[in-house]
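Beneath this line is the structure, given in structure tokens, with notes to follow.
The first chain written gets the first letter, and so on, giving A, B, C, D and E; residue counts start at 1 in each chain.
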């Protein structure tokens, strides 16, 4: 009984480990405290930034951009991934493009996106959506390709059209992989949004905050922003995990 | 018969599509050709760079760094991923750390890695290995968690120890997911290496070439280097794909 | 075009009564796997409106044959025609030998059974009615809200059988459909299958390793040799329906069964 | 500690001859799934060195029971003791009902059979010998270099059976082990199982829906009710071994079978 | 002494045109003369250089933005001691306001209502805003986005911005490419320091106190080599220019256009020049980039 209750606290283990290692490193001055402030200093900066400073606004901005780009990516990539995954031949023919762009740093593509979409929010959202879509696409397509053939055959023999098989069987068979893709995708979208905020001009967002703090050697502020980004990433992952748990009840069975 | 032969050419479809779109865009001057040079100009730059210039050396350097970091990442992440995946509780307890760092841009962590590993090659390799390891870990762990329970039970009942089950069953059950992770990982490692070469600073490597070309506004050179990076990514993915095909013969059956 | 169920029933029956041409014609069928030739220039006609059993040793190619007929995977050579036409939209009923992997784990038992109706575009209300009807007629006592992975082997197989029957198929393939059912259920399902067949005269192909069951249920028994599979004999058994326990004590039944067994054992021991 | 195979054989037999205490003791076992109580305070003793069949309707909890005994998933309450001890390193032989999902698709049939020996640390050479021995003794004509997904249902089940027998287990669980085998093979495997049992006196638990098979092979038949499963009766059948076709014509056999059937049908119809 | 082994010095180099003295000293053999063998690490940007200085991975940063260096000294006093500074003036052009060709504007004040870009970082952004304010443009009279330097030419070519605050050699590259023109250069001197003649010491060569204390002799010789390079550049700028070409991010076609900077050794700075430096530091404090008021003389080291 009591164990079950304690299980809720499991995710905290990771946080505690992180804080413990971090504390020890700063305590023993393994890293110069100017470069790596103590957790306490960082959380003070986080607290002040969040509730009395601009960090809260930046946080919300980054959340918005990340969510928009993930939604765009998912809408484009999931159907496309299923389609491509359903025919190995089709997938092989575009594999070059997928692997090519997956392996090209988004930051190297900024000039192109800047030219195509300008400096505004759109660029950041599109470039992040582009990156995330590739990862989701890749995972979904592999999920479909590795799906158990018997179920597809069963649907076929019941007279399901190609499209129906795609939708009713392959989509669901690939669900576990799709969620892995979505979680990879949302993390990547966040990373790209933050990087874009750092390097494409921006007046707000966590990336801009990291960049500015970096320029001004406000290390507690910088780590506070990084911490906010990481925690945001965890939160978004948790969101997908919760959906997955509710939804993909059959995995591994 | 002839069809089978033609299948070898499938991957070229992607290349052709890319070149066609690119040509059309430059042809119709949708983007100023100064900003996006034509494929011809880019390939001229690629050719000269590769065989008469420094690009060849940079390419080899980036390949080396990417391979080192992928190997390190795989060696660390695959066993760890299997271990964590084998116990959902264990995984949940470190999930925060994994999702946290997966969602933190490597470029934001450069200052820290610089401090920890110095300014040399090591930093670039380690930061890329770190990023790739997280992705591989995540995929492997999910592969293990979504593995079919019956096979694990079968091994258990035959008296296989926990370790044996891990090694003989979970490792193999998670193979399809592991390869997805490896291919995600190698692409990410490449991206991080290139970004590190761009932003930490380096005397060689494709990233340095992109950065320099960007600074000096040599667009054909820049796109030549980006193209080299993307093609490299495809090549590395192809390598893993070939291994997977040879090795994971049972997937989806 | 999906005429209402009751019309379909009579359509199958009418066709069976009036048409004598084979329902499925197999000509020159060949199939190889890695090292083994499973079929080599195999010819066979599946008669219309008959219940046919396929009886043969493990691994001779029974599942492979019906998979090829259903178009699930391609033959290397040869043609399979339905009423003289290549495969098009035919309503198959199919119980897979590996029924566990053929049900959809994301659908409840009820939705699994209703799925083929959904594919056919039957509206939800009618779908539910039909499923309830078949569940009632088969007297099934399973909680249909469970997901397949929450059910026992036999329960999953029952779901699989109901899914095949619910559509009033034109051809019914049953690949060892009763292998996981308990004693009582097996007997009961035999009767149900016979009843459905008598009512609809749907062309049925049954793979079974229980010779008694095969003879009891069939009009024709196809005896296959070890692979490369040849039709060793195509036994006719024309006892009137409905057959009952009494049928099994009749001389005709016993001699047919004995004959089949003799051939089977001769063929198996050859290999 | 894994004594050599031949010693083990005699050890099982010797224990069976000299020890009368139950091999497995089940006390107060309870198990619930979502809405269904499968076991509620279930007590039972599995006798040492006997071949015991479990006979019961679909979904009554047969697979659940042997899975819990083998420690594959936990009971909600109650204890299961082996020789009075909780489960530790016992050599199980286990044929899963869903044999298809229990074989390893990345291993060839040969390596699948050899796998439990590998787990036990038997050196490669000896492993190969043992596998070859069992394949020869069961007279199996399968290409053992094939992977499971290249085999027919019956062939996969054979692999699964051989994998369970190859280790000379202390307890053997067989969950509908012959369900996919052909006519000839089923008869043959029954004899093999009997032979192995006579030679080794390994405590064996067989789940079967074929009553004839169950009675023919068993010393004890456990009749289970619908869930929550109760042991309705624990029928003894002590015909001498080896039993043959003649045994099945004897009065004792026929009356035991009839008795079981009667109880079973009464219980099933109750539910 | 002519010891067989030369003294190694770890130098962080951000290969901008402002790191010219390093390359001149290297290629003209001034380091060798002093028996010094620099070990160069390319490090992009101030934060990387400062981090490397704090951890002792480099002893010298060939070019470090003054405000960043001073800020670092607040965090860790003495980490960046300037031995030489580069002055930017209307003559020694570095920072400037530009407009895209086709946009009507003759003075900074004409930028009203336009979309502007700025060199990245709070120092640059606030400087640009300060200058715009001095020209009568308030927040809201224009929009300004900071943009990575590598994107400035792009952005002007693509027409993403109407103009903005940029640095050399990007300004020259835009002009050469025919996409933009300079409105006014040397704007820090004029508007921030309040005198077009004032020296805006925006960046310089800094070494760590550790280096000065642990290897005083080597540090001194390093400074002498640097000093010689500075002299050389000031005497024959056109000759020195060619070292920009392959060492720094300066395209060949603008090497002849890019103006030199006012390279000055710390020891040669006049009191007025020191005051200019102090004034720049105070400006940094006023815009929050240098968190507290500093005495700049503490952070220049005169060899």
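As a convention for this text, a contact is a pair of C-beta atoms (placed from the backbone, for glycine too) under 8 Å apart; a residue touches a chain by one contact, two chains touch by 3 or more.
A quick map from chain label to UniProt name: A, B = Taurine ABC transporter permease.
Values in this document were obtained by computation on a predicted structure and should not be read as measured data.
Listing every chain that touches chain A and chain B alike gives E.
The interface carrying the most C-beta pairs in contact is the one between chains A-B. Chain centres here are means of the Cα atoms, and by that rule the chain farthest away from chain C is E.
In this assembly, the C-alpha centroid of chain C lies 30 Å from the C-alpha centroid of chain D. Inter-chain centre distance (chain D to chain E, centres taken as mean C-alpha positions): 83 Å. Here the CA centre of chain A is 49 Å from the CA centre of chain C. Multi-chain contact residues of chain D, defined as those touching 2 or more other chains: 98, 101. Contact of a single residue of chain B with at least two other chains is seen at positions 32, 35, 111, 115, 148, 198-199, 214, 253. Each of residues 47, 51, 54-55, 150-151, 154, 158 in chain E touches at least two other chains. Of all possible chain pairs, those that touch are A-B, A-C, A-E, B-D, B-E, C-D. Interface of chain B with chain E (complex): residues 32, 34-35, 110-111, 114-115, 118-120, 198-203, 208, 211-212, 214-218.
Those residues of chain C whose C-beta lies close enough to touch chain D in the complex are 33-36, 55-59, 62-63, 97-98, 100-101, 141-143, 146, 150-155, 158, 176, 179-186, 209-211, 261, 264-265, 268, 271.
The residues of chain A lying in touch with chain B in their complex are 7, 10-15, 17-18, 31-32, 35-36, 89, 92-109, 111-112, 115-116, 135, 138-139, 142, 145-149, 176-177, 180, 183-184, 186-187, 190-191, 194-195, 198, 207, 210, 214, 222, 226, 229-234, 236-238, 251-253. Those residues of chain B that touch chain D in the shared complex are 148, 150-151, 153-160, 164, 168-169, 172, 175, 248-250, 253. Listed in rising order, the residues of chain D touching chain B in the complex are 67, 70-72, 89-92, 94, 96, 98, 101-106, 115-116, 119-120, 147, 149, 163, 167.
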